[in-house]
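Both of the next two complexes hold subunit A, though its partner changes from subunit B to subunit C.
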Partner chain A sequence: MDATILGAAVINGLLLGGSYALVAVGLTLIYGVLHIINFAHGSLLMLAMYGAYYLLVKAHIDPYAAIPLMVVAMFAAGYVLYRGLIGRFSHGKDENILLITLGLSIVLENVALFFFKGDSQTITVSYSDRMVALGPALVPLPKLVSFAASLVLCAALAWFIARTETGRAIRAVAKERQGARLVGIDVEKIFAVSYGIGIACLGAAACLLIPSFYVSPSVGNLFVIVAFTIVVLGGMGSFAGALVGALIIGLTESLSGLFLGEALGQIGISLIFILILLFRPTGIFNK
Partner chain B sequence: MLEVRGLRAGYGEVEILHGMDIDVAEGEVVAVLGSNGVGKSTLNNNLSGIYAPFGGSIRFCGEGIAGANPARIVDLGLIQVPEGRRVFPNLSVRENLELGSYRRGRAARARNLERVTRIFPRLKERYGQMAATLSGGEQQMLAIGRGLMSEPRLLILDEPSLGLSPILVDEMFALIGELNGEGLSILLIEQNAVQSLEAADRAYIIEHGVVAMSGPAAELARSPDLRARYLGL
Partner chain C sequence: MNWKIPAALLAAALAYPFIFRSNFAINFGVLVLFYALIGQAWNIAGGYAGQLSFGHAVFFGTGAYCSTILQLKLGWNPWPGLAAAAGAGALVGALIAALSFRFGLRGSYFALITLAFAEVFRILTNAVEFTGGGLGLLIPLKRGAANFQFAERIGFYYAILALAALSIGIAIWLKRSRFGAQLAAIRENEDAARALGIDTYREKVKVMALSGALCALGGSFYAQYYLYIDPTVVFGLDKSAEMLLVAMIGGTGTVYGPLIGSLLLTLVGEVTRANTEAQGLSLIIYGSLLILIIGFLPNGLVELFKLRWRRKARA
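Moving on, here comes the complex of A and B:
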């Protein structure tokens, strides 16, 4: 095998992993605090991607410039969803949250199908086709930007969780709800904020993905299965795990694509998933 | 400062407290004693707003707090150090203490950190360590330290001696005396009747969800009935 091709596949894999990272970090944050898998993750990502798409098509706002807007909008959407729907109807039962988010994803996907139709949409921006030489690989500029911005945003989020008062409260609620209530933390509000932050990650991810990806009502499913694998691989609830897991999964997909053929790239991911469940079900970063 | 009147409370359909009256005056140490399952924790959880009572009233510093949310009750300075410590295992000792002043006492956080680590020098040594790695005694110190960070007006200590070695239990009761000496009112929920009656000004004995006996702690400690049932004498 030619070292150049292999090198290019590695670089492409890492870039791909970077774009998965934000989606996975949002999922792992929600899991870590609420102890549920957010089944609406994929469909909310899809909504955010349509948001970024229409902001460009209708309002001529560049996807990268739309990041702050989409982050705020998706945070608000997540916060309100939790307060108005998920938290209200779950009655404190984790399995109810699970069902509500699952139901939500079905509704969102079908509403999207109704309004946006089933066709895939893509956008073209001036930098869509620009390529950048990166070592042995020639990579599309949007993928490089997506990778770098993903890492920066993950780091910013990690800083927020580690250093701010709200971040401390989020970590406290994640492991000890009763203790949190007794120091006066509004646990329900922290749930809503955490859900909001997890969904805000999707707002940023959508803006970073849309210049190099398509959007359709079912696009979220592609990402949610991958993100779920990443979260399990890294260790449910672990930030560092989600980031490292994303890079590993990106690499896996790219390399198995190289060795098995493009169409079979995802087989590697499923294989990894089975291997984790067999040998280290708590993930890399969880004790 | 705390007036509980006719408190009825429980979980779901089951009533556990059937009309309970309890008072704590400014500067007092009041003990609530009873064996497992008589409703001590139910009382606590209602005082702290974790559960809303079925009936009766709870007034703290003149304000009705029955069914108020826990944050509001913390704001007023009614702070509970819960049974089983409930420290944040995944946060460092320092972060645990800092979160003690999440709502109340934030302005004086630095000063109170200093004070708490003076009371518990051990916590200072463990400052950067995750709370999960502390011993049971250290976790109890941390839980009390976290409570003190919110500048309580009334501190509820729920079974602080549970699971501690005899020496640490002695230290715990000595600490209760010291904190009270500085003017802090304390509601002590305990099974350990002997030492609690020594430490308290007044006491309530709870049985089957009602107050079975109450009065000055020294008097209760001499009561033949109580000595037979709780002190094994």
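Moving on, here comes the complex of A and C:
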């Protein structure tokens, strides 16, 4: 095996992992606080990507400039979804939330199919095709930007959770629901806020992914199993874990694609997922 | 036990093709019974035993590929192939269950691992040579009941009727048997069930094998009806979701829930297909129904019938 090919695969894998981290951080927050699996995560990402796409095509707003707007919009969407639908309809049962978010993802994906049709759309911005030499690999600039942004996003979330008043309340609810309620925290509101923040991350992720990716109604499915794998791998609710998990998964996908070929290479992620669920369901970093 | 309902349903189902003779009507009947079968298969694990699965397509695809490969590569007749498919489905069900339950996976975690297994099977069949890879497998046309390729659709109708009736018969038996009672105990409170002396691990493996076998029968039937299978269709998340939707919307843990769910969903599917060009409209309705059912009618549509009966009984 040629060292340059291997090196390039490693670099591409890490960059891929950066993209995955963008999607997984929000999921790990929701998972860590609410202890639920948000099956609609992929389809909400898809929705955000269409948002970023139409902001560029119709309003000529550059995806990177649209980040604040999309973050706010997706936070509002997540908050309202939790308050109006998920929290109300689930009767407090985890499995119901899983089923509701499955229903939600089916609806969102097919509503998107209805309005946007099935073809995938890509955008062109001045920097989409710019390549940067990085050791043995030539990588697209947008991928490098999204990798850096994933680090920033993880750090920002960790800071928010550790240092702000809302963050303290979120941690309290995540650790001990009843206790948090007893000291006067509005637990339902914190759930909705956490869900909103988790979905807001998708707003940023969508803007960062779209310059180097495509969008189609089913694009979210690409990320669903991957993001779950990362979250379980990294340990629920851990941002650093999600980042490391994402890099491991990105590397796995890139290297197993290299050694096993395109078709069989995808199996690596599902196998890791099964093994981690069986042997370390609390994640590799938890004792 | 009231035998009037199953007897009346069976009589109606037997008579249906003589009343509605068009190809469209027969095909509609086949679809209703087909989804009732795989919905019931899901229901036996997900409803009766409370083991939520997001990856039941793994059994469906196993059945479809098992009978098809036996036919194409080893020259088997598809009828014994159907039986072999059930065996393979049971085996895969037992293996996945043994692995997952040995390591104590429950609830949402179990749902996720079934999804992952379905993915592994999909990717494997997509990648290896003898399953035809991504192109899928085509069963050559050889019309005749002996080849499980009926010249008339009505033959398929009665074949799937027999399979669906078998699944409903099993569901009725579960309501009356010790095994079914043990499953209900596991669903309601697994720790309490174990404290009562139920070997919860063994019962859960058994029910997954049973569910897997029924689901594989559906997969094998699907292959014979359409004479074509590919990895995405038979192992994809869409198939898993279809079974779950049929059972959840009709009513989980009930005998007739999957049949009611299948009737409604097939009706919605056919009506939207006939009246609009838009893709995915039926799925929008299915997904919304799932959310509404969980929110307002957690026991499914079958509850509406029960309420009416009770009201009648009181009056």
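As a working rule, the second predicted complex is superposed on the first by the 281 of 287 C-alpha atoms of A that agree within 3 Å, B and C clash if a C-alpha of one lies under 4 Å from a C-alpha of the other, contacts with A are read in each partner's own complex, and residues count from 1 in each chain.
Basically, a residue touches a chain if its C-beta (ideal position, glycine included) is under 8 Å from a C-beta of that chain, and two chains touch if they have at least 3 such contacts.
The structure presented is a predicted model; accordingly, all values stated were derived computationally and were not measured.
J.: With the two structures laid over each other on chain A, which partner does A:174 touch: subunit B (first), subunit C (second), both, or neither?
T.: After superposing on A, A:174 lies in contact with subunit B but is clear of subunit C.
J.: Thinking of the overlay built on chain A, is A:24 touched by subunit B (first), by subunit C (second), by both, or by neither?
T.: neither
J.: Just subunit B (first), just subunit C (second), both, or neither: which does A:55 touch?
T.: In the superposition, A:55 contacts neither subunit B nor subunit C.
J.: I'd like to know which partner A:264 touches here: subunit B for first, subunit C for second, both or neither.
T.: A:264 contacts subunit C only, not subunit B.
J.: For A:96, decide between first (touching subunit B), second (touching subunit C), both and neither.
T.: In the superposition, A:96 touches subunit C alone.
J.: Scan A:221 for contacts with subunit B and subunit C and give back first, second, both or neither.
T.: second
J.: For subunit A, which residues count as touching subunit B in their complex?
T.: 165, 168-169, 171-172, 174-176, 178-186
J.: In the complex of these two chains, what residues of subunit C are touching subunit A?
T.: Those in contact with subunit A are residues 52, 54, 99-100, 103, 105, 107-109, 111-113, 115-117, 119-120, 123-124, 126-128, 133-134, 237, 241, 244, 248, 278-281, 283-284, 286-291, 294-295, 298.
J.: In the complex formed with subunit A, which residues of subunit B make contact?
T.: By the definition above, subunit B touches subunit A via 48-50, 69-71, 73-75, 79-80, 82, 85-91, 95, 98-100, 102-104, 146, 150.
J.: Help me check something: in the complex, which residues belonging to subunit A touch subunit C?
T.: My answer: residues 36-37, 85, 88-91, 94-96, 98-100, 102-107, 109-111, 113-114, 118, 217, 221, 225, 228, 232, 261, 263-264, 266-267, 270-271, 273-274, 277-279, 281.
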